[in-house]
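Chain IDs A, B, C and D follow the sequence of writing; residue 1 opens each chain.
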Amino acid sequence: MYSFRNDYSELCHEKVLSKLASINRKQFDGYGEDEITLKVKNKIKSLLNNNNVDVYFISGGTQTNLVSISSILKPYQAVLSADSGHIATHEAGAIESTGHKIITLKPNNTGKIKASQISQIMDNHFKDEAREHTPQPAMVYISNPTEFGSIYKYKELKEIKEECEKNNIPLYIDGARLSQALASEKSDIKFSDLVNLCDMFYLGGTKNGAIFGECLVVINDNYKKDFRYNLKQKGALMAKGFSIALQFEALFENNLFLELGKKANYNAKYIVEELTKMNIPFLVEQESNQIFPILNNTLIDKLREKYLFYNWQVIDENYCAIRLCISWATEKDIIKEFINDVKINI
Amino acid sequence: MYSFRNDYSELCHEKVLSKLASINRKQFDGYGEDEITLKVKNKIKSLLNNNNVDVYFISGGTQTNLVSISSILKPYQAVLSADSGHIATHEAGAIESTGHKIITLKPNNTGKIKASQISQIMDNHFKDEAREHTPQPAMVYISNPTEFGSIYKYKELKEIKEECEKNNIPLYIDGARLSQALASEKSDIKFSDLVNLCDMFYLGGTKNGAIFGECLVVINDNYKKDFRYNLKQKGALMAKGFSIALQFEALFENNLFLELGKKANYNAKYIVEELTKMNIPFLVEQESNQIFPILNNTLIDKLREKYLFYNWQVIDENYCAIRLCISWATEKDIIKEFINDVKINI
Amino acid sequence: MYSFRNDYSELCHEKVLSKLASINRKQFDGYGEDEITLKVKNKIKSLLNNNNVDVYFISGGTQTNLVSISSILKPYQAVLSADSGHIATHEAGAIESTGHKIITLKPNNTGKIKASQISQIMDNHFKDEAREHTPQPAMVYISNPTEFGSIYKYKELKEIKEECEKNNIPLYIDGARLSQALASEKSDIKFSDLVNLCDMFYLGGTKNGAIFGECLVVINDNYKKDFRYNLKQKGALMAKGFSIALQFEALFENNLFLELGKKANYNAKYIVEELTKMNIPFLVEQESNQIFPILNNTLIDKLREKYLFYNWQVIDENYCAIRLCISWATEKDIIKEFINDVKINI
Amino acid sequence: MYSFRNDYSELCHEKVLSKLASINRKQFDGYGEDEITLKVKNKIKSLLNNNNVDVYFISGGTQTNLVSISSILKPYQAVLSADSGHIATHEAGAIESTGHKIITLKPNNTGKIKASQISQIMDNHFKDEAREHTPQPAMVYISNPTEFGSIYKYKELKEIKEECEKNNIPLYIDGARLSQALASEKSDIKFSDLVNLCDMFYLGGTKNGAIFGECLVVINDNYKKDFRYNLKQKGALMAKGFSIALQFEALFENNLFLELGKKANYNAKYIVEELTKMNIPFLVEQESNQIFPILNNTLIDKLREKYLFYNWQVIDENYCAIRLCISWATEKDIIKEFINDVKINI
């Protein structure tokens, strides 16, 4: 059985492992105050062309989201998110657990929200005389790519950021698969653009070659003070912080993070091209490493004999969109085998 | 500079690293539902002679404490802890952040609490007619070893557990350094005894040879239901849960966890014996891998030229107790060098 | 200016005030442990034909909702509510502030939810293998009447309650205007039926003749233990609890609470009948004391010169549904004057 | 039986009741946006000689404390309080329920804290390199009078306030019995001084002649923004806010609030003087309306036949300090009767 369920089925890239092995038995300061962490922070600043950002390494995505969002909001404030957003659908109420409502927006069918939706929510709230009877919308959460694998174009992000600025609220980008977005053929955003396009974001390691770990970048000065308290209080300040920093050191060497993203995207695209030749339609256009072919149920059952994947959306009695999540570790031969298995069973 | 500041300065034991390397590029199910996790859970059950416990792997100690304690308590309930307890002093208000008060007990000078203290708090609370004006004491937190490196004897733990049962409240043991406690020459507790001595405990990996990771064992059936929801909601359900399980697999092979604990304890004891020969007193008796020699300030300053360690408690104008935390990775030669440096500078 | 904005514009019914005056300077025990509170609790039990319920008096509706819901749910659990429900729209995130997500259901256009909607949510959740990645639906919140003034029929409530029982989750009824529901000509529910139709409910005083105060009734034994701790911790245990009990004593004498509800409903119905004669349509059918005539904007502007009311829903360019909330204190003459003002301005 | 248990046993002063009766059936805007509330807010500003403060009316003391403190603190911050402080001892963990630790200070035996204690906590915290491992001390809570009835002198308060300013943290005063403090013969503080001596305080109504209600005054501009959201979210924004404002209108007429405080204090002092003549000692000096005579147990038992009061502190086998809390409603004849009952039973 081969799994297309997700991109975190394999432990890590070999370069990550050898980087870990390289420091064994050396001593480092705890809680991210060591020299490796400092060095990797500087590397990130250099990649972002910005020395003013703050950088933290956190063990997982849900934790990064809950620490970040709860650090920004006042008790009575809420975060805006697409209704398909990860915080709204797959984090077990982590944000609500910190006391905050998520105000959900109906995105278009690719999971992306628009600046105009933010504008509408903000205007409606503040023109209401009894506004204090509803939570105050106070920040925007998006992920890039979205849960549908779609990516934001520069112009779209710029419009969202400007709308946020107009309303004096921050924009936070969940980048669990940010490498895949940046590496997308469809993307016109560079890594260093992000410091101008949002107030805080994280670059995911878990879904792109690390054993675990996400790299949070705080851009807006307003949210920097005392951030380590937030981390510690939420159980997110790791004793051996250097173990995450080191993995990112490996991922940043020769832009491995982008190479891995590119590889996953490429293989995803390759499947799309080959299935399209067989007249198989897709739920949404491929832009990163997640694809959603619409297959008939017989074919799906047949494929399940060899592959693991999630059913995503029932189309009708006979058809269903499935999700294939292509990993940085997925090799071309398994891609070809899968395509062939579709071909002979269609 | 050599650091005696803590026992999490080194990445991990070589066997942990080679265990990780052994599975690279293989695929595993996410979120701890994989075969490795299952296998290691079974190994733990076997070590505990108990098939009925539930086992979870969590990234760090503060996170494990906050998930566990908040999963047990109702909103209006409080946890009892020694006032030197980790949750009361070094977790940045993580427990209060989940809504609960910590009721602190003055322990004796070794950081241990007694059954009679629990009894007193419980009796006072429930005999108060206006009891609902104070948080209800509803569980007991201890760590073994304590923050002073002291360990609980079987009889002491048994008395605490029985007092808890009498009051129908659970006992939770923070085992960040549990291996060191179990491996202590002074300990009369076996690993498998724990299933009878408490309701929930964790065995620490971070401070005993793992890169990261703690192993939580839920014994009492009352606290098992829906536990994975608690984990996910607090950001504690790791995507690659197998990466922690695997490290514990290494730690359990040939009882490596106990061997590492024994080594650290032995080296701690060796320093104590040698310094005692120099008439250096200690704040508390050595029982595990933390020791607290009382040194004069001139000697402390001199030692700081080569070693890192924390000042623990000012004794008087001229003397201070320092903490030396001996790591599983600390080798005999550095121990001898340190002893010698004390000798020549005393 | 006369206000139809809400039913809490007037201080209280004269009988409430004279009941308060009757005990002045007498001494009573604090925090609801006094003889008046006991007497009124017994009165309620008698009205409900049930000696087994627990009764509490709380200062306001949002507070009652947040104490009740947070007392029932475990940290990872969520409450189901119509998306027009008060907790979802007008309580400033009070429920989320206690850590819980509100899962919203699209109700029909009268604001009522159906048993089948609960069933669907529950089934979807528990058949999901990865269910712990979403908050667990664990109780149902409805209000009777709804935000649209519509009321639940016995059969509808029974079906909802049975669906809850099938799923082993409780049903909580927000009864801010429960008197008006019970007094409705359309209602086939008696006050005493409620002990069989839900697990917890409150009967509102604030919107039905009291200065302030809601009466919470806990029916299900599972939710009774230690309830006073919840009250105290949320700031909801009033020092002079007897001041609320006393107001309810007045409201229960000669069924004043039902009489006031009946009066408000009757006046609402009268407006509906008269406006219907003028061919004015309504957004929803009148069932209690809130009505929603659809008026053209010119008429609305004209009426605003003499009356206060809320615009509820824009129908089109020229028409809008307004909300008229008829108070227990609203007298027939003002009702007639309003009708006449519509007539001459239509 | 006559109760000296507390000062909230009687409903309210007659002038409060007649003020309520005076507006019956008139209509007012909801949620504190009415003309009465506005008028009384202006009255308070005038009494404080300060037009810049914000004023809110809240139903009870615990609620006022929890809204205020949670509105000021960031998630990782803690509040300093005497260990005998009401928030630390009698609010069922209300502050912890909002996520914050209370750092307790050992006060002197009168329940008062000193500026130097604040200084010490702040210095210790910020000089710690690992400060983010403990909650950040970020505001100071005191009550005036304290739980022992003692009052702060101008100089003491000034020193505390200046220490707070030096550390850039706010001072909050719980004034549940502030009228009694202001009316104390021992006090050198005027009501209008408070705007210079703290950042936020409340003046209690519940314990000084109102049915219910506390008046919160926000002085520091930093804590004013969006305060009504905090109130609503915590269930503290009353529908009929005017019903509290109106009670304070009565209390402010001819300084009734000070007159009632003076009366209670005077009667307390009278008991002290008479019992002192009988050589009865007191636990602490009388400064407001709470007194703590040390009586032998036989006398205590005898007095319990006619009076209700709390045992406060066991002195030895034979003696106990009891608390007598003198109400604004306690009349001279009962005071004399009590003194006589002591005299004949001593």
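The rule we apply is simple: a residue touches a chain if its C-beta (ideal position, glycine included) is under 8 Å from a C-beta of that chain, and two chains touch if they have at least 3 such contacts.
No experiment lies behind these values; they were computed from the predicted model shown.
When chain centres are defined as mean Cα coordinates, D lies farthest from subunit A.
By count of C-beta pairs in contact, C-D exceeds the other of the chain pairs C-D and B-C. Centre-to-centre separation of subunit B and subunit D, using mean CA positions: 42 Å.
Mean C-alpha positions place subunit C and subunit D at a centre distance of 34 Å.
One inter-chain figure worth recording: subunit B and subunit C are separated by 50 Å, centre to centre, where each centre is the mean of the chain's CA atoms. The set of subunit D residues touching two or more other chains comprises 75-76, 91-93, 97-99, 132-133, 135, 229, 232-233, 237. Chain contact topology: the protein chains form a complete graph, every chain touching every other one. Across the interface of their complex, subunit A is touched by residues 75-76, 78, 89-93, 96-102, 132-135 of subunit C. Listing the residues of subunit D that touch subunit C in their complex gives 2-3, 5-6, 8-12, 14, 17, 20-21, 23-30, 59-67, 91-94, 97, 206-207, 211-212, 229, 232-240, 242-243, 329. Across the complex, subunit C is touched by residues 31, 70-71, 74-76, 98-99, 130, 132-133, 135-136, 226, 228-233, 237 of subunit B.
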